[in-house]
Amino acid sequence: MENHFQPIIVGFLCNWCSYRAADLAGTARIHYAPTMRPIRVMCTARVEPEFVLKALREGADGVLIAGCHPGECHYVEGNIKALRRFTLLKALLRQFGIEEARVQLVWAAASEGKQLAEAVDRMTEELRALGPLRWRETVLGEQPVARRMAEAEVGG
Amino acid sequence: MATSATLSRTSAFFREVIADTPTDPHLEACLQCGTCGGSCPSGPDMDHTPRTLFAMIAAGMREPVLRSNTPWYCVSCYACVERCPQDIHITDVMYTLKRLAIKAGYASQSSAARAPGFSQTFIDHVENYGRSFELGLITRYYLRHRPLDALKVAPIGMGLLKRRRLDLSPRPIRQLDQLKAILERAREIDNAKSA
Amino acid sequence: MRYGYYPGCSLERNASAYHTSLMAVAERLGVEFAEVDDWNCCGATEFIAVNRLRAYALASRNLALAADQARSTNGADPAQLVAPCSACFLNLSKVDRYLEDSPALAADVNAALAAGGLHYEAGSLRIRHLLDVIVNDVGYEQIAARVNSPLRGMRIAPYYGCLIVRPGFRERFDDPEYPTSLDKLMRVLGAQVVDFPLKTHCCGGHMTQISRDVALELIRRLLKNAADYQADMIVTLCPMCQLNLDAFQESVNEQFGTNYRIPILFFTQLMGLAFGLSPAAVGIGKEFIDARPALAKIGAAAEPAAPAPKRKPRRSDQGLPLPQMPEEEQP
Amino acid sequence: MSPEHADRTRGSPHGAPGAEQEPRVGVYVCHCGHNIANTVAVDEVAEWAGGQAHVTVARDYKFMCSSLGQELIEQDIKERGLNRVVVAACSPHMHEKTFRNTCQRAGLNPFLFEMANIRELGSWATDDREAATQKAKAQVKGAVERAVLQRPLDPLYVDINPNTLVVGGGIAGLTAALELANAGYHVYLVERDSSIGGHMAKLDKTFPTLDCAACILTPKMVDAENHPNITLMTWSEVLSVHGYVGNFSVRVRKRARFINEELCTGCGTCVEKCPVRIIDQNFEVGLGYRKAVYRNFPQAIPKYPVIDPDNCTFFQRGKCRACEIVCPTDAIDFKQKDEIVDLEIGNIILATGYEQFDARTIPQYGYGRLANVFTSMEFERMVNAAGPTAGRVVLRDGVTAPKRVGIIHCVGSRDKKYHEYCSRACCMAALKFAHLVHERVPEAEVFNFYIDIRAAGKHYEEFYHRVLSEGAHLIRGRVAEVTDAARGPGEEGQLIIQVEDTLIGKQRRIPVDMVILMAGMEARKDARQVANLFGLGCDFEGWFTERHAKLDPVVTMTEGILIAGACQGPKAIPESVAQGSAAAARVAGMIGQRTMKMEPVRASIDADSCSGCRICNNLCPYHAIVYHEDRRVSEVLTALCQGCGACVAACPSAAISGAHFTRDQVMAQIEGILWDARQPEVLWLEPA
Amino acid sequence: MAKPTFAMYWAASCGGCEISLLNIGEKILDVDAAFQVVFWPCVADFKYSDVEGYPDGYIDLCLFNGAIRNSENEELAHLLRRKSKTLVAFGSCAYEGCAPGLANLTTNAATMRTIYTDCLTTDETRDRLPQPLSMVPEGEIRIPVLYETVRALDQVVPVDYIIPGCPPEAHQIAAVIQAVISGVPLPAPGGKVIGAGTVAVCEECPLAKNVKQITRFYRPYELVPEPGICLLEQGLVCMGPATRSGCGALCPQVGMRCEGCYGPLDGQDQGARMLSAIASVVAAGGPDQDEAEQEHAIAAVMDTLADPAGTFYRFSLAHSLLRRVRVAEPGT
């Protein structure tokens, strides 16, 4: 895969720490890969595993979930609940053949704009190395026999 | 952490030191608190304390730093590293400065001029035999670098010999060729890098 | 228990007493030390000062050999490699750690090792200092059980030197500023241990060769302090410390007009004696400062308690309480 | 046949805005001067947005947040009949409120507004114009798709109980309690120790004015005790906190003092006659002694002593009763039990303070090994006229006055191995110590060893100059070690401070006979448990997290829980007092409103869909979820809910919905932001 | 007036659905009385060509059970869609893939290897993989093409109604049939679930439920559950909370965890919802631990849950968000 493959990451950012970290990164003009498309949630605990699966299926190459550090959650331990779900989700994704680097959970405090930017950069690099996911096309893309035969005839 | 962005703001010499140190020594974090200089067993004998040297590196004072005897007086006791409030890998920086001083040709002119000779003699023996050969090391080092001091050290050498604590001949390792090949390859890799 | 064993150049010759006593003690304790075949010098503190990559390659050859040999003998995982010399211990564990921290360095080192048909995966060995293995794996209880000639009457200054707990490239087994494992070991052997304030200070290292004045002053401080504390001997765990304090003691006396006669022994030698081995079996006699007068005190009537140092306050009604330490332990 | 036909994962019966209203979305893309326009092709984004589904109008504008920009939106809402608004501009933390108000003014429910952050998360984070524009489009598309599914929400109002709980009776807590009490509100002041006063009560003088600490503190303590609006609860601890802003239920344990407060006159005869004498590790920090029945200090408030059952001979061995015999009013009550008190509270101010760094952690400074090494708090007690030495500065032998004193700064502070932060107050305290040594032992020499002197405060620098002029030696260098190992004749019998004098660039060894370690401040060991108890956050060091470090320092992320003083970070007395007052003012303001508006971002459970599986029951940190055994369904108490969504994500049958962050809204946003990456579904619906 | 026409077809499934229809008891006689059976290969001999001969929309009610696993299933799905007025996905296989859908956890090549090559009872000396084309004296025989991805019926053709269950419960089938016969208007067609509840199985489950604190998971053979208490609380991965009711919670009542055969509630991904729910009530990684310890403690509990994909998606994999696993082998 070419190196200039620009992956698309869906980023679920918690309102209190990581979204603010992303704000801070911008305010501090820290440049990082423009690959992360943010979705603000109140807490990482709001992120349903279905959101992650949905994003992967809809064409994202990776999903980043970013929340407050353990012990710093605005909702006491929403981030640990997220971690519990994420841990099990990872095991599931492994069975689905989805590489670990494609779905990541990171902690970034409101002051850690730099760390968040670095996480996006790092993940972008990792996804570049893995190449596109394109779930619908590459995984669900099998054609029915009837259509395959029809195309084969047209093609020669 | 010295990122590429932070580094770009430092002196060229600072960057040279960082680049030649195996892991990030966190040198930019120095608070100039002096814990290193205070903790150093040979601190009183150094012409600059390590702290001073770090300020000089930051200021880009390449020649005075590489001419300093400080790195050569470092006994590698790691007391400063242990106590540094900023986790600076001071001992590793001292090794780097020694290497740069040798490369720059200043080493032999420092007030600790004996040290590089001792290191080189030691290395020669290890490269030739695979292990240190103390009798050879001491005799060659003193005869070549410090003929006048040879007398002072002679009684100790004799004492060691008498107590059968010195070998009269080196004990080379079995696969000396293998070791030499490895070291030669390392030299090539290093040269290719600095080229 | 079986460990890979990296003696290092010193133990071959100038610190042969360390090696001899270690092997004698190991036999009593049922610990097996399998010497790494065809090991080479670790580079001491000299090699790295001249050529970085060659220094790492030099040390790494030992790691590669040790790891291979451990594999072929089906050892523990990760295989344990024991170094009795503090400098060797530090060099080997430092290289292992840096190779793990810096994949670029590891790649270069392995490219060099490949020239000798070797390869080393960082972290595949657990590098231990001998003292760590003795006190933590064998354990004080085991040792106490073997003591049959306790070192009663001996006042010992336990001397750790620099590199054993500093700077802790892998896990630490003792406090870097105020270690106590050797103190405790000596108490287990029945000796009286002085609270040696310079226990982790430097013996001068290679400065004896580079700047004699610097080195002799460093050695003098240690000897003076041990003498101030009325220590009968200094116990060490590093060949360099032993050599400097022992062989240069006479030079110190000359230089400073002092008259120290403090024997410097390896801790394994004292373990051997406490286990009832003969002085010759543990290499006594190789030291410059004859240890026999001091050793003659073993078993002698307990000396009257040394007068408390003047600066320690007398306890009186007026006295203020001393701060409590967490685990104050006395034998 | 819609491509979504086979994809039931997005649909939700409650999702669509309903047939009553076709979505009409207005999209507004802000230039923010050059801030956005320089990197994002703003006009292109707006034009593209205009062609997207549901979008009625799309515009770009120089400054959307300006009054002209806002008017533009209002006008479109009224004239074009918009029922959803999307603004692509800066962070919602910056202007979400602004534009919600804009919508409201134009008669649109503010929750039908959505913001796309294309500045902080877009133009400022890259200079790749093409990528930034593409990302902006995706964010706009996500916002539009989400806005379409948004539903009008009404704000919630809760009543505020006027009673306030203040936890911690140090200077910060005392100040807060008195301010509120003086404003006419009732305060419960809970203190763990047997007396209020905190660390300040241990001090002798305070810098830089050298006021006597007791002279300024004790009147406040007396005020607090006598104030009709303050209920003082010492020797007490908060056990549990339930509820939400304005309506907390707090349970407090009052530990048994074994003294009947009704009868005790505070005469102190029991203390005098108690035969047990132990080292006082608490108030005297190990430098002095106390009895088994004791008061921290003679002016302690309340005046009643406590009996320490761990050391009392009667409790340990069943005999003695000396205190009972001598008490003139029969106030000793060995049978007293702990008491549980339930309080109804509107707001809580935490002022739980700090702990001193344990100097034993740094062995090379010798504390605990070398007798004449003292900690700064030990020295405070020593110079205190009411302390163990009655204010005499002496060595550990209790008689000898030191001739040379070394004061080591930054012990445990400014060090990555211990605490990276500066403890802020120790520089000035160290200078105060230098002054006090000079005052008490005029012939003594004092050496201060510092990295930097931090004297930023009113009259602090002047005090520094004063101490210099008194002849204190200031040596710039962080001390390497303190040792009793003499190297030569000049050092015998002394403590030697080894340091690099960095102004000379030389190593020095300075013999002294007393060393004072300026141990820094650290968060209390149980700070994390306390934070969990009250539902607020701690940073890594254990300091409580404020809502905003600069603009909201005494308010936490949890509504109704405030913090003051050193529990938030190292502080000296003036800052602690200021924070105590500030917290009180915030609480008073809240009480004055009587009710409070709350964001309607709350969870709710559809009772018809709830199967009563009880998965969600223990997920709520605010105990907002209750289970109705009779109906076998769970319910979210809206007022308690803080809107995190943990239960929403956990509900296995999706019976819980999180307002403004509903499942279908987020799913729609995911589809929207991936609009350019979505590949067509391979449909088998028709044979080829 | 002619009786309404009835068809039932059996695609990739076990046949249990056919039996479940017969299991409605004497009501089967009502079916026979009310309908004219025009296609039901399991019961009577009809040829595909018979169906092709019917005019479009000829069949009034077609119960289609089984997933779409091969080209024959696919063709029949299209054919029956064309010929049926009302097409019902009958049973879990047609609805969401069910057990055949678990083939989506692997590849056909691996499946074939397991069945024909690695199987201990197979004659290893001969390669007995099925051949797409065989020549026999009567001519050539083609077998249907096996698809890599098993599909639910509604992923191939539009479906009017769904009757979930593996198999659907007799009383539910009976109720639907009864409704059709008696002319009670059905909800507007469009993939609606009929003949089942709208709440999760727990609603019907009589076991006592409490707050949940799971410290490890058990597979059914590892634990004899405490009677009368919610199985999930005991560490068994009971899918009840994420599964549509209608079955009467038969399994949990006899100590067997619900495996989820009625599929998810409306619009949900059953596996992901259950995963989220169950992970949420794992009691590990408390606030007193540091980050690494928390991660470790949580991972240790999750490790006790064997085969999450197979557990959570036992019935609904083919109809889930991701539908199948991704395999590294190219061309599969």
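Here the chain labels run A, B, C, D and E in written order, and each chain numbers its own residues starting at 1.
In this section, a contact is a pair of C-beta atoms (placed from the backbone, for glycine too) under 8 Å apart; a residue touches a chain by one contact, two chains touch by 3 or more.
Note that the coordinates shown come from a computational prediction; the quantities given were computed from them, not determined experimentally.
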item	value
Touching chain B and also chain D, the following chains	C
Centroid-based (C-alpha) most distant chain relative to chain A	C
Identity of the chain that, by mean CA position, is farthest from chain B	E
A-D or D-E, whichever has more C-beta pairs in contact	A-D
For chain D paired with chain E, centre-to-centre distance based on mean C-alpha positions, whole Å	52
Rounded Å distance, chain C centre to chain D centre (Cα mean)	48
Centre-to-centre distance between chain C and chain B (centres being mean Cα positions), rounded to whole Å	23
Gap in Å, rounded to a whole number, between the CA centres of chain E and chain A	30
Junction residues of chain D - those touching two or more other chains	9-10, 364, 528, 532, 619, 646, 649-650, 684, 687
Sites on chain E at which at least two other chains make contact	74-75, 156, 268-269, 273, 276, 278, 280, 287, 321
Where chain C touches two or more other chains at once, by residue number	177
Chains grouped in pairs wherever the two touch, ordered by label	A-D, A-E, B-C, B-D, C-D, D-E
Chain E - residues contacting chain D, complex	68, 74-75, 78, 151, 154-158, 191, 198-203, 209-213, 230, 232, 240-242, 245, 265-269, 273-274, 276-278, 280-281, 287-288, 321
Interfacial residue positions of chain A with respect to chain D in the complex	6, 8, 10, 16, 19-20, 22-27, 29-35, 37-43, 45-51, 54-55, 58-61, 68-69, 71-78, 81, 85, 109, 117, 134-137, 140-144, 146-147, 150-151
Residues of chain D that touch chain C when the two form their complex	279, 281, 286-289, 360, 362-364, 367-369, 371-372, 375, 378, 382, 388-389, 394-399, 483-487, 493-495
Contacting residues of chain E [partner chain A, same complex]	71, 74-75, 105, 145, 147-149, 156, 268-269, 271-273, 275-276, 278-280, 282, 284-285, 287, 290-291, 294-295, 298-299, 302-303, 305, 307-310, 312, 320-328
Chain D residues touching chain A - in the complex, by the definition given at the top	9-10, 91-93, 117, 119-128, 131-132, 134-135, 138-139, 142, 528, 531-532, 535, 537-540, 545, 557-558, 601, 619, 621, 642-646, 648-650, 658, 661, 663, 666-667, 669-671, 673-674, 677-682, 684, 687-688
